[in-house]
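In what comes next, chain A is part of two complexes: it sits with chain B in the first one and with chain C in the second one.
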Partner chain A sequence: MNTTEHVVETVGLVKRRGDFTLGPLDLRVPRGFVTGMVGANGSGKTTTLRTLLGLVRADAGRIAMPPIGEVGVVFDQPFVLPYWRVRDAAAAYAASRPGWDQDWFDRLCRRFRLGANERVNKLSRGQGNKLMTALAMGNHPDLLILDEPTSGLDPAARADLVDLLREHMRRQEASLLFSTHITSDLEHFADYLVFVDGGQVVYSGAVDELIEEFAYIQGALTDLTAENKPLIRGLRRGQHNFDGIIRTADTAGFGPGVQIETPTIERVVVHHVRPRDEEP
Partner chain B sequence: MHVIVSPVPGVPLYEQIVEQIRQQIMAGELAAGTPLPSLRALAGELRVSLITTTRAYNDLAAEGLIVNVPGKGSFVAQIDPEEARRHCLDRARAEFRQIVERTRHIGLVSLEELTVMLAQEWER
Partner chain C sequence: MHAIARFVGLDLRSMRPNAKFLLIPAAIVVVTYLVASAQLLSTYLLIPAMSSLAVLNTPSHLFGNDERGRLDTLYAALGIRRRHVVLGRYATCLLLLIAFTVAGTLVAPVAALAFGAEFEWAVAAAVAAASVTLIGILLATQLPAYFATGPGPIRIVATIAPTILLSVIFLAWAVPDVRPGLPSWLDDTNPAGLTVAAIAALSILGLASTTLSARLYARRDL
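Here is the complex of A and B:
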């Protein structure tokens, strides 16, 4: 049993790609929990995961994580050959991954309706993603890393995939790090959140705390003053009303007329990436 | 143990879990020593996050209703009936206090009316 608190930790991680610079990132992924990485397309999620896994080389910084052989990984490009059947893919994984648990893999396939004889290239996108995930889970890796496992899936297939990931998390010590731009995947599933924007970490911490730290505010345009306007992120003006996200600590800066409520993760993310104010 | 959670606005999921397990322990449906599902199994079952189940079990342990044994799991604690009664009364008083605070100063409802209402709810 490993007793360090974080399964992945980076210090000052930097990766440059053309005009885009990721970092410097100080990233911590708590051991034993589900961490979701959110951010717009092009914000640096995939680059972060690829750099962690050593698929691309970091320009600076340190990375501490389990040996790559002990990490289950799913990226957009599958590592299986298209003419294989599900069972051929399983055999290839079984041969190359120490600790492969065929019973467990078979049980996952039954529960998530993956037939051993199905051709990999005939699977729907949802079934394909489930197969890749089940293969990555097949040897009970302590850490599973997935890049956008739910992108392009319909709601039912997304729910199914999250259920599959929940099976991974039933094991003691299991950790999961996955990126998504669909924030509803995180509700009631992710324990921690890493929110990246423009190659920087905007927020990193418990999901519950994000929702406590920020509040969703709505009010009449007349409630806005020169002092309280800069407190609002992603201020959106209608004809009479406005809405946006504020820090809960800044609530006192607004009059009694405004409505303040607990935000969804989606609201925080959406308003965060908007420009600070848009004058009409 | 039977627990069902639903995303009701205003009632956090961990509180729903705490409330239901507390009821079952108080009512004697869960006997002392009964093992509870692991944090991870319960999170998977209810489709909630691990932090939610962890918080629920921590609250139940703080109330003395369950015991968390590191490496073994969580078990229903031996409940002292006197203490359980006191907890029950404390919670009722806290909720009564809220009702009084919300109604008294408005001056439209009398204590007698509230007392009648309480009796009616009791008989339901």
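Here is the complex of A and C:
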């Protein structure tokens, strides 16, 4: 059993692409847990994952990863030939992935209702994602890196995929790094969260701590004062009401008229990426 | 070595469902030659004509597959190192070059028999060796460009440039004084020395080309 605390670790990782700069990124993915990576489109999630996998060259920094044979990878679009059949793709994986388990792959295909003779270009987007997930899981990898695997899936299929990932996580060594902009997929599933915005890590830590660290606040506009307004992230004003996210430590800055609730991951993300104040 | 062989297997697997894109041009070359050119040109010309498919068709097909299927990501996901991708792709191209040349060399005597033309195996072997050398040199100059940019920006240039060069060579072959001169030139030349020189030239250029391709591909964001 590998006892290293982190399955993936980056130190000072930097990637520049035109005007966009990712990092410097110090990222730690705990071994044996589900880590969700959230952020808006263009925030740097995919660039981070592609850099980890060596598909994109880092301009600076250090990356520690398990051998790629122990890592299963899924991106939001299939990366097998469109005119291949499901069995051709499986044969390509079987020839190269150590510990390939054809029975397990066949079971996953049955679960996902994928026929061995179906052509990749005839699959829907959701089915394509399922195929890539089955391929990635076909050799029981210790680490799964999934980039937007639920995009294109209907709610039932998304739930099924999350269930499958839960089953995968029952293995002692299994770790999962899961990037998504559908943050509801991570509720009650992710143990840790990496929140990326503008190429920088805004938050990295346990989901519980994130939810404890932030609070969702809503109240009447009359409850806003010059003193407490700067404490609100992503302040959203309605005709009479407002809402936003505050640090739990700042709760005392608001009067008894406001409602303060435990936030969802989505609320933290949505309000965090909004401008600090939004005057009507 | 195992990783390179594995990549060649993957390359061939990627071509198999659409092998018609390689076989149809080969059939066109043979039929066109048999119908129109046999009397005008020479039976031997079928050999370089077939070999040329390895540079006119094969790289654009293989790199086109990479682009269509995002196979660069697949190679990374399967743990195939970039250097092995480069070496494997060169090996696939060389394998196909040899296969096309052998096919041309085997069809040529049949064509000669059909047209009642002369056919000497020594000449055919020399033409085949020259074809492999020439097309190998063209491949060695073409492949680094594919590895640097992918197929999109250079596919047309990479196809047209060797087409023009090969057309010039084929037309030169048709000049009456050139073709009959080959057997007598071969008699005056040391074939072993010529073969060694061709292999050496091809090896040096191939080594330089693979080194350059490996560097260019390593720098690319996929």
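The rule is simple: the second predicted complex is superposed on the first by the 277 of 280 C-alpha atoms of A that agree within 3 Å, B and C clash if a C-alpha of one lies under 4 Å from a C-alpha of the other, contacts with A are read in each partner's own complex, and residues count from 1 in each chain.
By our rule, contacts are C-beta pairs under 8 Å (C-beta built on N, C-alpha and C of every residue); 3 or more make two chains touch, one makes a residue touch a chain.
What you see is a predicted model; the values in this text were computed from it and never measured.
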| query | Should the superposition on chain A be reported as showing a clash between chain B and chain C, or a fit? | reply | fit
| task | Report for A:Phe33: first if it touches chain B alone, second if chain C alone, otherwise both or neither. | result | first
| query | Should A:Asp191 be classified as contacting the first partner (chain B), the second (chain C), both, or neither? | reply | first
| field | Partner chain in contact with A:Val73 - chain B first, chain C second, else both or neither | value | second
| request: Have a look at where A:Gln172 lands relative to chain B and chain C in the superposition and call it first, second, both or neither. | output: first
| message | After superposing on chain A, what angle in degrees do the C-alpha centres of chain B and chain C form at the C-alpha centre of chain A, to the nearest 10? | response | 140
| task | Check whether A:Arg158 is in contact with chain B, with chain C, with both or with neither, and answer first, second, both or neither. | result | neither
| said: So in the superposed three-chain picture, is A:Gly54 touching just chain B, just chain C, both, or none of them (first/second/both/neither)? | reply: second
| message | With both structures fitted on chain A, tell me whether chain B or chain C touches more of chain A's residues. | response | C
| said: Quick check on the superposed pair: does A:Tyr83 touch chain B, chain C, both, or neither? Answer first, second, both or neither. | reply: second
| said: So in the superposed three-chain picture, is A:Asp208 touching just chain B, just chain C, both, or none of them (first/second/both/neither)? | reply: first
| Lowest inter-chain C-alpha distance for chain C and chain B in the superposed arrangement, angstrom | 26
| request: Could you list which residues of chain A make contact with chain B in one structure and with chain C in the other? | output: none
| said: Can you tell me which positions in chain A touch chain C when the two form their complex? | reply: 17, 50, 53-57, 67-69, 73, 75, 77-84, 88, 91-93, 95-97, 136
| In their shared complex, at which residues does chain A touch chain B? | 32-34, 163, 166-167, 169-172, 174, 188-191, 206-208
| For chain B, which residues are in contact with chain A within the complex? | 7, 13, 38, 40-41, 43-44, 47-52
| said: Going by the contact rule set out above, which residues of chain C touch chain A in the complex? | reply: 6, 9-10, 13-14, 17-18, 65, 68-74, 76-80, 218-222
